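Below, chain A partners chain B and then partners chain C, in two separate complexes.
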Partner chain A sequence: MNKDAIISKVNAFLIDEFEVDESKVTPHANLMETLELDSLDLVDLVVIIEKNFGFKVKGEDFVGIKTFQDFYDYIISHVTVA
Partner chain B sequence: MNRVVITGIGIYSCIGKNVDEVKKSLFNGKSGIVFDDARKEMGFRSGLTGSIERPELKGKLDRRSRIMLAEQGEYAYVATVEALAAAKIDEDFLEHNEVGILYGNDSSAKAVVDATDILREKRDTALLGSGSVFQGMNSTVTMNLSTIFKLKGVNFTVSAACASGSHSIGMGYFLIKHGLQESVICGGAQEVNFQSMGSFDALSAFSVCELNPKEASRPFDAKRDGLVPSGGAATVILESYESAKRRGAPILAEVVGYGFSSNGGHISQPNVDGPVRSLEMALRDAAILTKEVDYINAHATSTPIGDMNEAKAIDKVFGETRPWVSSTKSMTGHECWMAGASEIVYSMLMMEEAFVAPNINFETPDEDSAKLKIAEKTIDNKKIDTFLSNSFGFGGTNSSLIVKKFKN
Partner chain C sequence: MFFVYVLKNLGLKPAYFVLRFVAFYFFLFSYKSSKHIFHYFHKVLKYPYLRSLVNVYQNYYIFGQTLLDKVAIRAGFDKNFTFAMDGENYLHQMAAEGKGGILISAHVGNWDISGHLLMQRLKAKIHIVMFDAEHANIKKYLDSITGEHINIIVVKEDLSHIFHINKALQNKDLVCIHGDRYVEGSRVIAEEFLGRKTYFPYGAFHIASKFKVPYTFVFGFKEKKNHYRFFSTPLKINEGGVRPMVKEYSAALEKHLMKYPKQWFNYYDYWAEVPKENVLEK
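Let's look at the complex of A and B:
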């Protein structure tokens, strides 16, 4: 899977799971604020990432993730990029 | 003491997804029972069940609320929306008044089993998701509905096996009667899935009349061979008369009596004395004579011993006046934790439309049911001023409610 495919996949599940308007999902938008995530949503995000990419996020990893781009980079760093 | 009135009802069941659909099914004697292949694949002795679709709540409820709701919570939500609308209770009223919730529910097996399956596979609790704990607790219905509707009054689940829904209404009645609450959302919910019913099937208590699912539930009939599990949810809005009058709410009926007892005997085999005491207590509480009861919605689930003992109990108390009796479980199957509430809704609809719903499949009486005046077909144009509804459960818990047409 290349980087663009990963980003598309991430956007697709975030938009579907958190029912956010697609136009609001941009690389520099704030992930937590845009998706209106609370602590319970982060629990679900761990499950969704594991289902889609097969690895488990550690809670502390979320600390450094501010924007969608941070989130893409984090995912890309954990999966094999073609 | 406050008078306690019913200002709204809602229902989501295997014979209809709202009050209007259910009313027609009751009048027409329509069965909601089907054969479910999945249960046989799971090794069930009986593949029979009530059939119910899960409601589509996307677009009606936000994502967070949907994640928290177990199957029976979804049914309860839909039934409660209908009941609140009928009672003309809106968000503003809920915001400014202490409306409570007492709902009957006695399992949330599927949520627990699903979580355990994930745990066995993944060996990691972090992968259970955020909804699992809120779906799996017995109080899942009340914890979710109180959050969704932002309720501020009494808030707990009544778990009393197959009498849960009835006791929830009884407890709501008690709190309002004694001035502790002004309005309470009462009801009962029951999940419909193999996970919740496997252990019940193990007792050989279910009908195996699989070739004719619609004839399988036959309360009081001599050829009955067991109950058919079913489910859904029913909501009854209870309110003090003063509150209903003050806000100009529609008053559909009045709860006048609640009786309860425990058999003090076997965990699964009912007796006669316990239900008799419950019936007599309800009559005393209502301060009415047996001749004033026009209709009894029996608990009768279609099990040989349960129906026999209830028939004996009804005959003992009502033998002289012989009101009409039917078990709507002949159509719905046994809605278990929900049944005590749904059967109040069913009886309310009969009272409103002046008919007695049939005890379908009642063809051959046995020695005990022959003593009762059982409606084998719909009794049309039957004015019902007062009805009584029985609910009994494992552990010998009994509940009897008496509801009257409202008169000033």
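Let's look at the complex of A and C:
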């Protein structure tokens, strides 16, 4: 999977799962605020990442994630990019 | 601190004696919490007026006893306690299966003591999820006087507790969460409990459901002065969504509460309405 495919896949599940307007999902938008994540949503997000990308999510990896771009980079760094 | 001194130097009986006055003080002057416990006995359980009043006092007294027992047992001040466990095998099974698991409890009786016992008997690490730092501080204080370490995951606004829970489950540890208390702003699910529509917090059930780990409902109650009985329900993995799980939990909690009605320790308006936007329909 290449980077663009990963980003498309990430955007697709975020838009679908968190029912967010597609136009709001931009690389520099704040992830937590845009998706209005609470603790239950975060559980969903962790499960979705593990299910879709096959790696275990660690809390410390999430600390620096502020924007969608940070989130894409985090996913990309954990999957084999073609 | 005073009670710890009495427990350590004079024993449980004198501590219980002093507690009678403390419980009576709360009965007389803690109107806010007494009002809700009275409501529970009089309106929910439909006890007569006078019996409800007596039960409010007894409820405070038993609550105090459970706190003293907790300290006495964990610090080893009193070795005369006896315990019975109905369903301990399920907890051993949960530990042996090596998938981790969620223990869903409630603010009734004294489940914490069984956690202490289980730590010694189960081959698994137990984490307790607490809903605010204040409780964590109490637990830390207990740890400091007992020398025992309990892993606490404190629910925080930065949502870091979700990662701690996830990590504990990844490590195949057991995570104990209370499933009965609504925290302002949290999402809830409505279910019949003691004949009334009750809002249960979604969190514990959602976590067990999403992480697909085995779960059990666990409760512990004081039976006689020095005797406790603990209950654990058969293990399940949720496949059918949260609502059936909450229904099961409500039924299990109600069943045990009918047997130990005085050991209900939710001192607030438990059956209050919550904002509609917090109530989940799924």
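Annotations
Methods note: the second predicted complex is superposed on the first by the 82 of 82 C-alpha atoms of A that agree within 3 Å, B and C clash if a C-alpha of one lies under 4 Å from a C-alpha of the other, contacts with A are read in each partner's own complex, and residues count from 1 in each chain.
The definition used in the following text is that contacts are C-beta pairs under 8 Å (C-beta built on N, C-alpha and C of every residue); 3 or more make two chains touch, one makes a residue touch a chain.
Because the structure is predicted, anything quoted here is derived from the model rather than measured.
In the three-chain model built by superposing on chain A, chain B clashes with chain C. In the superposition on chain A, A:Leu37 contacts chain C only, with no contact to chain B.
In the superposition on chain A, contact is made by A:Phe18 with chain B only, not with chain C. Of the two partner chains placed around the shared chain by superposition, chain C is the only one that A:Phe62 touches, whereas chain B remains out of contact.
Once the two complexes are laid over each other on the shared chain, residue contacts for A:Val46 go to chain B and to chain C alike. Once the two complexes are laid over each other on the shared chain, residue contacts for A:Asp70 go to neither chain B nor chain C.
In the superposed model, more residues of chain A are touched by C than by the other of chain B and chain C. Across the options 151-159, 187-195 or 331-339, chain B meets chain C in a clash only at 151-159, per the superposition defined above. On chain A, the surface touched by chain B in one complex and the surface touched by chain C in the other have residues 40, 43-44, 46-47, 56 in common. Chain C contributes residues 155, 159-164, 166-167, 170, 187, 202-203, 206-207, 210-211 to its touches with chain A in the complex. On the chain A side of its complex with chain C, the touching residues are 37-40, 42-44, 46-47, 56-60, 62.
By the touch criterion given at the top, residues 63-64, 67, 122, 124, 126-131 of chain B touch chain A in their complex. Listed in rising order, the residues of chain A touching chain B in the complex are 17-19, 40-41, 43-44, 46-47, 50, 56.
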